[in-house]
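In the part that follows, the structures are each spelled out as structure tokens.
After this come two complexes, each holding subunit A, first together with subunit B and then together with subunit C.
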Partner chain A sequence: MTTKLKATKKSKAKSAKPRSTRAAMSVATSDKETVKARVAAMAEVPLAVCESDKDLQSMLSVLRDQAQPIEVRLAALQSIQAASFSVVAFESCRSDYIATLRKVATDPDLEMRQRVLGILAREKDGFAQRKLLEGLENPEKELVPPEKALQLLSYDIHAEAYPIARKIVNNPPNEEAKREALRLLAADAKSAPVFEKLLRDKNETAEIRQVSAAALQGLKPEKLQESAREILLDDSDYDEIKATSLTALTQFGDKDQVNKDAALKKHVNRISTKGGAKVKRTARQFISKYGR
Partner chain B sequence: MNVEVQINNSINPKSQFVSWAPSPCRIRVTNPSGAITPTVTIRLSSTSAATGGAVVFRKGTTGAFSNTLTLTVPIIGTSVPFFVAGKFGRPSSSNADVRIDARFGTLLAGSVKVMVRIRKNANNLTPAERDRLVSAFAQINNQGAGRFADFRDMHTNVTSPQAHGAPGFLPWHRAYLLDLERELQSIDPTVALPYWRFDQASPNIFTLDFFGVSNSVGTVSFSPTNPLQFWRTDGVPGINRRPFFGTNTAPPGLRTEAQTLALGNAYPAFRTLEGNPHGSAHTSFGGFISSIGTAARDPLFFLLHCNVDRLWAKWQRQFGRFDPAVAASFDGAANPIGHNLPDTMWPWNGITTPPRPPTAPGGSLAASPCVSAPGPQPRVSQSLDYQGNVNAVSRLGFDYDDVPFS
Partner chain C sequence: MVVEVTETEFASLVSERAADPKRQHELLELLREDNELYDQRGAATTARMRGWVLHNLSLCSLTDEALIFVLEELDTGTDPYLVAAAARALRSYARPTSAFAPFVMRAITHIRYRNEPVSFESYGEYGDGDNVTTPVQELLTTLRWLGANAEPVLSELEQLRAQPDRLPRTLLASIDEAIKAISGKEAVDNDFCCSLPLGLKDRFSWTSNSRRGCEPVESVIFEDHNNELISFGDFFQGQPSIVVFFYTRCDNPLKCSLSITKLARIQESLLERGLADKINTAAITYDPEFDSSERIRGYGQNRSVQLNTRHRMLRACDGIDSVRKHFRLGVNFIESLVNRHRVEVYILDSRGRIASVFERIHWNEQEVVERAIEILHEESEEKSQARNKKNATASTLGTMASLGVAFFPKCPICWAAYLSVFGIAGFDRIPYAPWLQPVLALVMLINLASVWLRSRATHRMLSFCFAAGGAAVIIMSKLSHGGKKFAIWGVLLTLAGSVLSALGTRKKRQLGKETEGDSWFFDLFRRDGFTRTKDQTTKSTA
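Up next, the complex of A and B:
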């Protein structure tokens, strides 16, 4: 056997045998190892994090340490977050983890801030909510872009974000922020008229109108059915919103009401052969449910 | 001469679904005209639609399966039992795409159409299968007002000790998936939960027509033709999911299937998959699916866990770990409540006193028109013998496309 072949066989044999969690943890937390090796080792240690306070503290230390390579810190975050799925074992680690996350929420690295604030927001953490609201009120203090802040605030309908969301809808810093503000307001019953108006506004983007349709479907489904009907009968409206309207009626429409609506059915029958591809497809689904 | 063929011992059309594990069936003469002897010979065979499923037969509970089966059936109407199973490797792609024919000589005396309904790799679904799945998901969610809210409420921070960090992790999630799948099947009986093979690239899952495309902040977009655009949980529309990997690749750092199956031949070692690949798959994203309390808000969660369950099924087959009485099949140490073989599983047991959670959403586990197991209040042990390898009545009614019947 040639030397090269022997080396290949040895290398394959070496990689086939998994290393111990202890060995992986040692690599993960060692400044002497390469970034690539450390990131790979981090993926092997989630359960170990819960079993040893020493190991947990080592990982949290890596996470906090801004001198560490960001890839390694993000891998540490991911590994600890994976460990958090073993809830019973992780319970003793949780308070240290949350405390570390709060410290890292103002990290210089945007990706780190986004991920950490995301984890905290999903825990409905008041500290994170305050930071996010502060950033929306005062852009100089923002830790993440406004659209991300709004998205994260939507995890808790009690986060008192409706007033700022309404302001942003009326005066958005960008289109994405407007869309996220609307998604957040979709849990607010008082916002139904806003969605009705946006849905019918042909000057709005397809995405905004689609979010408005979804919001209205949840808040006032009868209003969406009414609007969807009008959109479909309006030959000047766009295919994208017509397709959304047809999907809404097919999936969630009042069956009796739709079945009695001869004008609507006749119109849908017509556009099932004359409309764009998305309209044709959704029209056929409508016809399949309600008949011609 | 007419005969009646019952699949899963029922004439209910909702029972006409089979998987790889054999389904008990029966045949009886309903009109004996043309018969001149007390019994008749009936030959069973099947015809498959193009790209349809295929089935095989056997007379009893053991022995080889064959493409045809000959039975002696009394003309007085007494039923004769036999078994039908999906032919491994030939799942159906649409409802009733396999026809079972019963012939008396050359005369077609009876027939029944069945579907070989199998959990498949979500990346490989046909457009029709994909559309049926998303439609059923949208219906069960019903813009946040539907039955899905119970499934979401079963998987929160408060309830998680019932299902995580202890041996019951795999049995609990198997029951959870089964419950949801049966509810989806009550909407569309052709639907089976597919799996996200997270150690392989699955670009067809993360599309506008299927589970959506994420933007830079992790808001998922859907095509205007996709009913998931109306998905709503916790009062808020939409799905937050930000992949930390390119969705035309697999997430990095996850144990491969081979590595997972090599964790060990006894359950305590195998169940460490809870950390990696399970936990690592969850945290390959930001958004709902990356935190235990919000993970079930994202329907992708169920495809992720379907793959975890498939890995367990594959390991069970590899090492013969279906029998709860075999020590290596489970972790028999004294475990927290809900994680021991004889324990009933929350929420289906309806118990809301400590140490169980204070509420039990969803009621009992959904029944199936095809099988009787596991019953409304399943025990941990009842999740193991999902194919009925040890006891045929334990069969749960699902199978994976790449895990045959033992």
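Up next, the complex of A and C:
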């Protein structure tokens, strides 16, 4: 028993002893090590990635190599991406890293593609934007699902994604894609009438209507106020949307205009006692701001 | 109108023009932001297209006309592909010039943290293979091409070399080569040091000789940072204005954000010079659909712009189209969003006409202020000349009236005398109208009143004394028998009074500029108030 305990302690002490970065790098890039050991080693090396060309190239090579286990490749990606947060230190690695990401953007593994395109899209990379747009226009060239592609394209307002996003809103492949297309269009001033229509449409899901309300707040706040008022005065509308409308008016409403609106106040007063729990709560907030 | 040209067709068009020496100049049209081929394209597509044009320019010989576009990209570009293409294009200029060195070094500073792989192997290719280069690599090669002409930036380059960990190791050799090339031979253009090629400066900063009227936009309504509505005519007419264009969603920190920050510095400078209420400033958004009053106000305030009735941030209520057309703005759009724009600043004269333009290359705030002041003075000068002309006309008329009164024949004897002078043949040329004498007398009195008013304004009464004396002598000469011989003295006194009056008015206007130079003759008639003004003027000049 004592011997066993000593052995365990010894083993724990051994594992607790930090290994050198060089040793970690050697484990991370070695094919002979187990996947688990390599993934663990990858987590230890981010700051060392850019210290030598050899190390950087070894890590990039793991990332590119489709024969490597996907877990190890994803860990390599995560490790290099963590290093890139130190912009100044990463300066020397940047061009090789971006070149590798562009190669891996068409990888057979979906998760790898999604992560890599995500990193490139955040850099407003033209290559990634072109691939994503091609996939939306032609499903055969699709690298990621449409909703993901739209989400990634929305990182850059200057990407020419508005026309395709409008098409998707009108003819969505799925509900998520429609939601993401609307989120993308939230920065498009010309889409305000679309959001106004969707917000008032009782046949739309609560989520779509809430996204529309948020978009309208950014594009045409006065239109949101108008629509929110109409929704609150309409007894047949849903509680969830009423709660959203109340929040919009409480937080962003034109104080003078709301204060003068006796009909609205009277209605909110009624909702505060008769509505659902969420509506009651938001109605109370409204009343505490504007009075009864 | 959207021109349906695919990117592939565009690439072929560019290659065709580049291959034909007679059509190479047509590539310039493709570098103008407002070219319809860029309409409704995304920013990344626009970058690919412009980059390809720049790349093709590098295969030809870069002309002075095209040089401005290349320098613009080095000065304000943040897209790796465009900067790399511009660096390549610069090397095709006829000869290396030291004035290019700061542009190249600035581009290295801006782009080093976005040093991404790019490829010029074929149109639209992104660097992910072996045939790649990077913007920093291209810029270093350009410095090497500049050789000893890049000496002004050698120390900066050496500082960069002193941080080997910060740069891609593959570039260290290129930096060493560039340093070696710069430190080697002597500069080719020692006598041309640090100045841009002749005529180039006029392409990014020029003063308009023939000013177009602003009638097409005079009625355009703007909403300002405070939701107040004002027409173009109401805000921009009446005094000179400095106008900057921007949009709040611009993601190039070297363009809109910097331009608005510089506008704030311009306002400070105007304030220091006491001209804040004589020269308007305005920032007009390219994106009025998205840029609400609240957004533009916040954008300006975050950059220390002073906002009031003379200094406004504006959005065109009915869209940017008419404004874009009038100013010929260097901008294009995808829907309502800007896909590419140049840096542009306009100085408008007091009639709202474009008097001066700064575009593409970063402008110097003090230079813009100086130019605006020139326009302000130029207009004051024009007004002053018009006023002088008016005064001279009034004086001449007054004097003529005095002459008329003095020499108008009033009796048959006078007529006989005049007839003996002119002869009977000149009879028909002698003006005789009984009503003319009272009219001339009235005009003389008006002249006297005018000289009195001017004397009061300038605090110089000598001119009025002369004119009044002259009028008195003329009247006396007309009333007294045999006093005619004195009439000529009356006329001379009136003439002297009128001339002194006109001189006095001009002298007062020049007081802002001069502190000395008035003769003892004028000093005799100065009042205390005027002496005080002079002292103050002397003090302020000191």
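As a working rule, the second predicted complex is superposed on the first by the 291 of 292 C-alpha atoms of A that agree within 3 Å, B and C clash if a C-alpha of one lies under 4 Å from a C-alpha of the other, contacts with A are read in each partner's own complex, and residues count from 1 in each chain.
Note that in this section a contact is a pair of C-beta atoms (placed from the backbone, for glycine too) under 8 Å apart; a residue touches a chain by one contact, two chains touch by 3 or more.
The model shown is predicted, which means the values in this text are computed figures rather than measured ones.
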{"item": "Combined model on subunit A: subunit C and subunit B, fit or clash", "value": "fit"}
{"item": "Touched partner set for A:Asp237, first subunit B, second subunit C, both or neither", "value": "neither"}
{"item": "Subunit B versus subunit C as contact partner of A:Pro145, first or second or both or neither", "value": "first"}
{"item": "Partner chain(s) touched by A:Arg115 [first = subunit B, second = subunit C, both, neither]", "value": "first"}
{"item": "Which superposed partner A:His158 touches (first subunit B, second subunit C, both, neither)", "value": "second"}
{"item": "Touched partner set for A:Lys278, first subunit B, second subunit C, both or neither", "value": "first"}
{"item": "First, second, both or neither for A:Glu176, with subunit B first and subunit C second", "value": "first"}
{"item": "Spatial angle subunit C-subunit A-subunit B, Cα centroids [nearest 10 degrees]", "value": "80"}
{"item": "First (subunit B), second (subunit C), both or neither touched by A:Asp65", "value": "neither"}
{"item": "Touched partner set for A:Thr247, first subunit B, second subunit C, both or neither", "value": "first"}
{"item": "In the superposition, subunit B vs subunit C on subunit A residues touched", "value": "B"}
{"item": "Partner chain in contact with A:Ala89 - subunit B first, subunit C second, else both or neither", "value": "both"}
{"item": "Shortest CA-CA distance in Å separating subunit B from subunit C in the superposed model", "value": "6"}
{"item": "Intersection of subunit A interface sets (partners subunit B, subunit C)", "value": "87-89, 157, 187"}
{"item": "Residues of subunit A touching subunit C in the complex", "value": "53, 87-89, 91-96, 98-100, 102-103, 124-127, 129-130, 156-162, 187-190, 219"}
{"item": "Contacting residues of subunit B [partner subunit A, same complex]", "value": "135, 138-139, 142-145, 157, 160-161, 164-166, 215, 217-219, 221, 223-227, 229-232, 234-238, 240, 244, 252-254, 259, 262, 272, 274-276, 278-280, 282-284, 286-288, 290-294, 336"}
{"item": "Residue numbers on subunit C that touch subunit A, as the complex places them", "value": "40-45, 47-48, 81, 112-117, 124, 126-129, 132, 134, 165-169, 249, 251, 287, 289-290, 334-339"}
{"item": "Contacting residues of subunit A [partner subunit B, same complex]", "value": "18, 39-40, 42-44, 46-47, 50, 75, 78-79, 81-90, 114-115, 118-119, 122-123, 145, 147-148, 151, 154-155, 157, 176, 179-180, 183-184, 186-187, 206-207, 210-211, 213-215, 217-218, 221, 240-241, 243-244, 247-248, 250-252, 278, 281-282"}
